[in-house]
Amino acid sequence: APQTPAPAATGPIGAPEKTALKIGMRLPNLDTNAPVEIALDKGFYKEEGLTVERVEVQSIREGLVGGSLDFGAEASPDVVAAATAGTGLRIVAGYRNREPFVVVVRPEIAKPQDLAGKPVLLGANPGTIEYDVRMQLLKEAGFDLTGVAVKPVNLPGGSNAWVEQFKQGKLAMTVIFPRHKKLVQGRLVLDVMKEWPNDSLTALQDFVDRNPNTTARFIRATIKGIKVFKDPAQQAYVQKLMRAKGFTVTPLEEEPEVYANGPLLYDDDMGLNAKGFEELLAVLKLPPAPFESFTHLGQLTRAQDALGVAKRP
Amino acid sequence: MRDLKRWAVALEVAALFALWELAISGLKLANPSFVPPPSAIWTAFTGMLADGSLPEHAWFSTQNAVAGFLLAVVVGVPCGLALGSSRLVSDVAGPPFWTAYAMPRIAFQPLLVLWLGFGAAPKILIIFLMAVFPIAINTMDGIRGVDPSLVRAARVYGAGRIQVFLKVQLWAALPLILTGIRMGVARAMVGIVVGEFIGGSQGLGYLIFRRSADFDLASALALTLLLVVIANVLMALVSLARRIAAPWYAEGVS
Amino acid sequence: MATDPIIQIRDLSVRYHVARTGNRLIAVQDVDLDVMEGEFLTVLGPSGCGKTTVLNCVAGLLTPTTGTILAGGRPVTAPGPDRAVVFQDYALLPWRTVADNVRFGLEMQPRLKEGAADRIAEAIRLVGLSGFENSYPRELSGGMQQRAGLARSLVADPRILLMDEPLGAVDALTREVMRAELKRIIDATGKTVVFITHSIDEAVQLGDRIAVFSSHPGTIKEIVSVTPGNRDGLRDQLWKSLESDAVAAARGAAE
Amino acid sequence: MTARTAPAKPLRVRPSGTARRPWKYRTPLIALADLVVFVALWHVAVVELELVNRVFFPSPGDVAGSLATLISSGELAGHLGTSARSWLIGYGLGAAAGVVTGLATGSLPWANRLLMPLLWSLWATPLIALQPTLTAWLDYGDGPIVVLVFLSTMIPVALNTATGAAQTSPSLIRAARVFGAGRMAVYLKIRLPWAVPYVIGGLRLAVPTSMIGLLVGEMVGSPSGVGSIIVNATARFRTGEAFAAIGVYVVLSVVLVRLLDLAERRAGGWRNHA
Amino acid sequence: MATDPIIQIRDLSVRYHVARTGNRLIAVQDVDLDVMEGEFLTVLGPSGCGKTTVLNCVAGLLTPTTGTILAGGRPVTAPGPDRAVVFQDYALLPWRTVADNVRFGLEMQPRLKEGAADRIAEAIRLVGLSGFENSYPRELSGGMQQRAGLARSLVADPRILLMDEPLGAVDALTREVMRAELKRIIDATGKTVVFITHSIDEAVQLGDRIAVFSSHPGTIKEIVSVTPGNRDGLRDQLWKSLESDAVAAARGAAE
């Protein structure tokens, strides 16, 4: 159906349309959830006249299309795939804007061949694009697993669980978050940060068109949350808040340089990098899609304008 | 001696936990973060009680479980009655019924999210789906197992089809229906967890996944055990109901 | 008793369709039988000769393949309040007390609503179960259960009592006792009775007339009248008439 | 679960004067008609009426096409092989353990008191919640999956077998003792044969539950197996493929249940008049 | 028969613990009984008087509360190949054919491995079931099933046959036939028999001696010998002896 641009899609942000909102998050860890939790705790959403609930859920796209979620922090390539498939989903703002690829092996693993028959966790199933990307990056980093018969493992739970298993010697190789680098006694065989959009704030195009002010307000409040998260001075506050919300904070993560790995993934304009998408899609061997076909960024611009944050190109 | 028998289960559970504790805390047979000892499970449990999270989540799950279970009884018993008493219904509705029973519910979770979202509705639906089949199947077996001699007697004394059904078949099937309901209670507990697996931010199942994801196995096991305890209490209540509602029926366990 | 027979069976044949084998089985063939009002007719025959089949047709539980049955002059198409049945396995509802089981005999008949309690008490008294009104069937001995079954069949005051080996499941001593009781109770009510048995003694002791069945196909071989004088001779006569059938049934040649 | 006590099926008979010849193929034909109606309704709902979003809910044609692709590419065969191995091991071991546990539980009063509550508790335990713990305990790969299949087979089989063993005719046990049977002989020659129809009933109950156990394991943490097809396909909106994989499980389940039905009819034959 | 008794029961008492009520029940009290080699002893008594309890003690299935039992001069502590039992409900394994059921009677006795096939064929022939070796119990009539049970008990050639109402479950006509057969078969083997029955006729017709039990507590009231001359008088004498007990049992006063 042709989109009729809503009248309030430009200019100063007016009264919110829908005020009770749900945002879906996939990973129950501090780094992913902190901006939203901060915005909730500091009342940034309330200031916008919004009541926000955070929901943990695997099927964010279905939730958005079915109308039980309004926003979701969804894996960017998945949103592109969903947009291309004709679901009406669009990226409305960046969320975690870059992707670290950190892979660690047990000290006794000297060369790729040592992994033959050993459990290896690359955060995805073999045969999936994500798995192949990591294999490709490992190869580029000089640790080529092609032709090595590893035992691929895919474990539920987040990286905290993986690290625990790695530390217990149950995994010979695993992907980890940068913040875990100090936690594990292992050898880093891959440690790069890619300017590939990791999670993006996603919504239905239709929803944004009908709720432009709500969307702009939601993004504005979230940007404020990210700003707090990225402020090193707020570390103690953030960790106390997240602990109270039931998230795990390990003692090592209390070290500022370990903690800093999390906020590092965010940009405080929630902007998007079209080039990063292009590269990501190419690496994932997904059909190329024009940036405009899966984004809907009018409300992001209004929020940025209203806050006066610097807009990256 | 008789008292000893009465407490046998309690003693068994106590002995089991004592051995477990000894093996982990005492003999260090396994890493406690992988196999948490009962003391750690207890600590995790009391911790969750103290911070008030547990009662709130338990309340959410319990409400859904009751709703889904009652729905399963209201739907399952009539379905079983129909399947058991009519050849036609059993021929026509039987195949889809058994196929539905074989459906892997977990594979349809994305669709449930699409249609019902993350609130209570999909959870109630899954609890319903877990509980309804044992109830319906046992009811069906109960109806089919009615002594034909009783049906003949009822007909002789003037009972029509409906009266035979109301005065004989239903009563004769009652013990098995209650057995099915007991099984349904157990499966409803499983349904809580399966349902909350699809997402949300409330409930005991949600808590289990949260704690597992953080590799807090002590808490995850504490919550699982809590569910099992609740299930046993509810099953005991159904058994009690059976003893009251069907005192003529002697359970055939040696 | 110069009136019309209360039960008239004409040309009765019943064939069963055995689902497991797909075969047809002729259970009963060309049975003709009249039973007079107030008569006590015993039916004697070897196992499997079709006695129950005939009784079920009279009760209205089974539709004959061919032939007609009249009860009280009207064709039998279904069970009716004029005919009650006492079953060998008692067929008491296990979830009902004795009194409630007896009540079952009249609760499907609205015309008997009034005075039901009295009728029930009376039937229970008649069979000698007073004091056991609130017992469940499983708490009673076989003989007592059959008394309860009898009370249930009597409570609605049917004209005809159909009894299918009512004493077949109780032990021999109890049977002796029950036989005498049965006779007393039924004489007191004056009902017409069709009484199936395997026991020659029982047939002779209870019956006014005896219908002797034979197998393959199930049909009536002879009908004899019992008089005070011929009882003893009758026993031998009946045994001769049944012996080969009985031996065949016991030896399995007939199965 | 004094469950599904293989109900005694009485000889089905009726006086031949009152009804037509029974029609042998009635039941399978009705089932086939069911299937046709179901597929037709599904097609109309998705394709003609567009009641559901086809991105999320494929049409029967989409599913058939995906299934053909999965088969011709050999992908299905590979994953099915993995799944079949896990399932066979788990189901086989679960059945054996279930029979032994059930026999003990159903015949020894002390075992009954100790094991019955345990079995019921396991029946009420959400296996899906145990999955992460199992993974931690058992290493990776097929281990946790096999255990999930094992548990979801063992419990219904044990509960059913226990019911059967408990109801063994005491008269037969007495007879066996009279003719010199010891404890073991009573188990092997009396209780076990007696419980066979119940065991089969349990095995039948366990088909869907074990399939679900398999799927839970594969979907939550496995790189291969039919369950992983479902996860990966769902993630990429290849819903036709996901449905095809689900369909494979359902069909296998239904076929296995039917086979056990037939086995039950043969093994339980003696019950008809018993 | 001037030898020692083959079965000696002395001061036998059995008390049951009734789990449901928690009470103890005296089933049998102070029973003394001798059975001679080759004798056919019938045991007659009302339902519940403890006949089965005594028989089970002799079979070694039940341990007496007090008292002793000798079989062939040795104390009974467990079932043994010298004593076989025939059960009222036949207790055939429904999943085995006739021949395999008969084989069951000796497969637990390694010493009889040799020539088993011949023994089985002979036992089946003796009871008149030749031709039915491959039938399943459900395919047989009650009388035939009891023959199979008898063959099973005879196949290992025990010295003592314990029969607990073996004809209690077959119909009256078949019972007549079977009684005569039983007598013939057992006479042919010369075995010692303890035979429980509720039927006065049966007790008199089969027994060399009759042990009459009475209830509350179960004990032996009298032991009478049967001679060709006293058969008829015995019937009346036994009925008088049992009548009050039997009536009480049938009326439920005793339950």
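Note that the chains are named A, B, C, D and E in the order they appear, and that numbering of residues resets to 1 at the start of each chain.
By definition in this document, a contact is a pair of C-beta atoms (placed from the backbone, for glycine too) under 8 Å apart; a residue touches a chain by one contact, two chains touch by 3 or more.
Protein names from UniProt, one per chain: B, D = NitT/TauT family transport system permease protein; C, E = NitT/TauT family transport system ATP-binding protein.
Predicted, not measured: the structure shown is a model, and the values here were computed from it.
Engineer: How short can a path of touching chains from subunit A to subunit C be, counted in steps?
Structural biologist: Steps on the shortest route: 2.
Engineer: For the chain pair with the highest number of C-beta contact pairs, give its two chain identifiers.
Structural biologist: Most contacting pair of chains: B-D.
Engineer: For subunit B and subunit E, let me know how many angstrom lie between their CA-based centres, rounded off.
Structural biologist: For subunit B versus subunit E, the centre distance works out to 49 Å.
Engineer: I'd like to verify one number: the distance from the centre of subunit A to the centre of subunit B, where each centre is the average of its C-alpha atoms, in whole angstrom.
Structural biologist: 38
Engineer: Send over the residues of subunit D in touch with two or more other chains.
Structural biologist: Residues 53, 56, 132, 136 of subunit D each touch two or more of the other chains.
Engineer: Tell me, which residues of subunit B touch at least two other chains?
Structural biologist: Within subunit B, the residues that touch at least two other chains are 34, 110-111, 114, 209, 212-213, 215.
Engineer: Quick check: what residues of subunit A touch more than one other chain, meaning two or more?
Structural biologist: Only 62, 65, 156-157, 161, 165 qualify.
Engineer: Applying the document's contact rule, which stretches of subunit D touch subunit E when the two form their complex?
Structural biologist: Residues of subunit D touching subunit E: 169, 171-172, 174-182, 185, 189-190, 193, 196, 270-274.
Engineer: Under the touch definition given earlier, write down the residues of subunit A that touch subunit B in their complex.
Structural biologist: 22, 24, 28, 53-59, 62-63, 65-69, 156-158, 160-161, 164-165, 168, 246-248
Engineer: Which subunit D residues qualify as touching subunit A in the complex?
Structural biologist: It is residues 53, 55-56, 131-132, 135-136, 139-141, 220-224, 228, 231-232, 235-237 of subunit D that touch subunit A.
Engineer: With touch defined as at the start, can you tell me which subunit E residues reach subunit C in the complex?
Structural biologist: Of all residues in subunit E, those touching subunit C are 46-47, 128-129, 132, 139-144, 165, 168, 170-174, 176-178, 181, 197-202, 239, 242-243, 246-247, 249-252, 255.
Engineer: Looking at the complex, which residues from subunit C come into contact with subunit B?
Structural biologist: 59-61, 79-81, 83-85, 87, 89, 91, 93-95, 104-106, 108-109, 136-138, 152, 156
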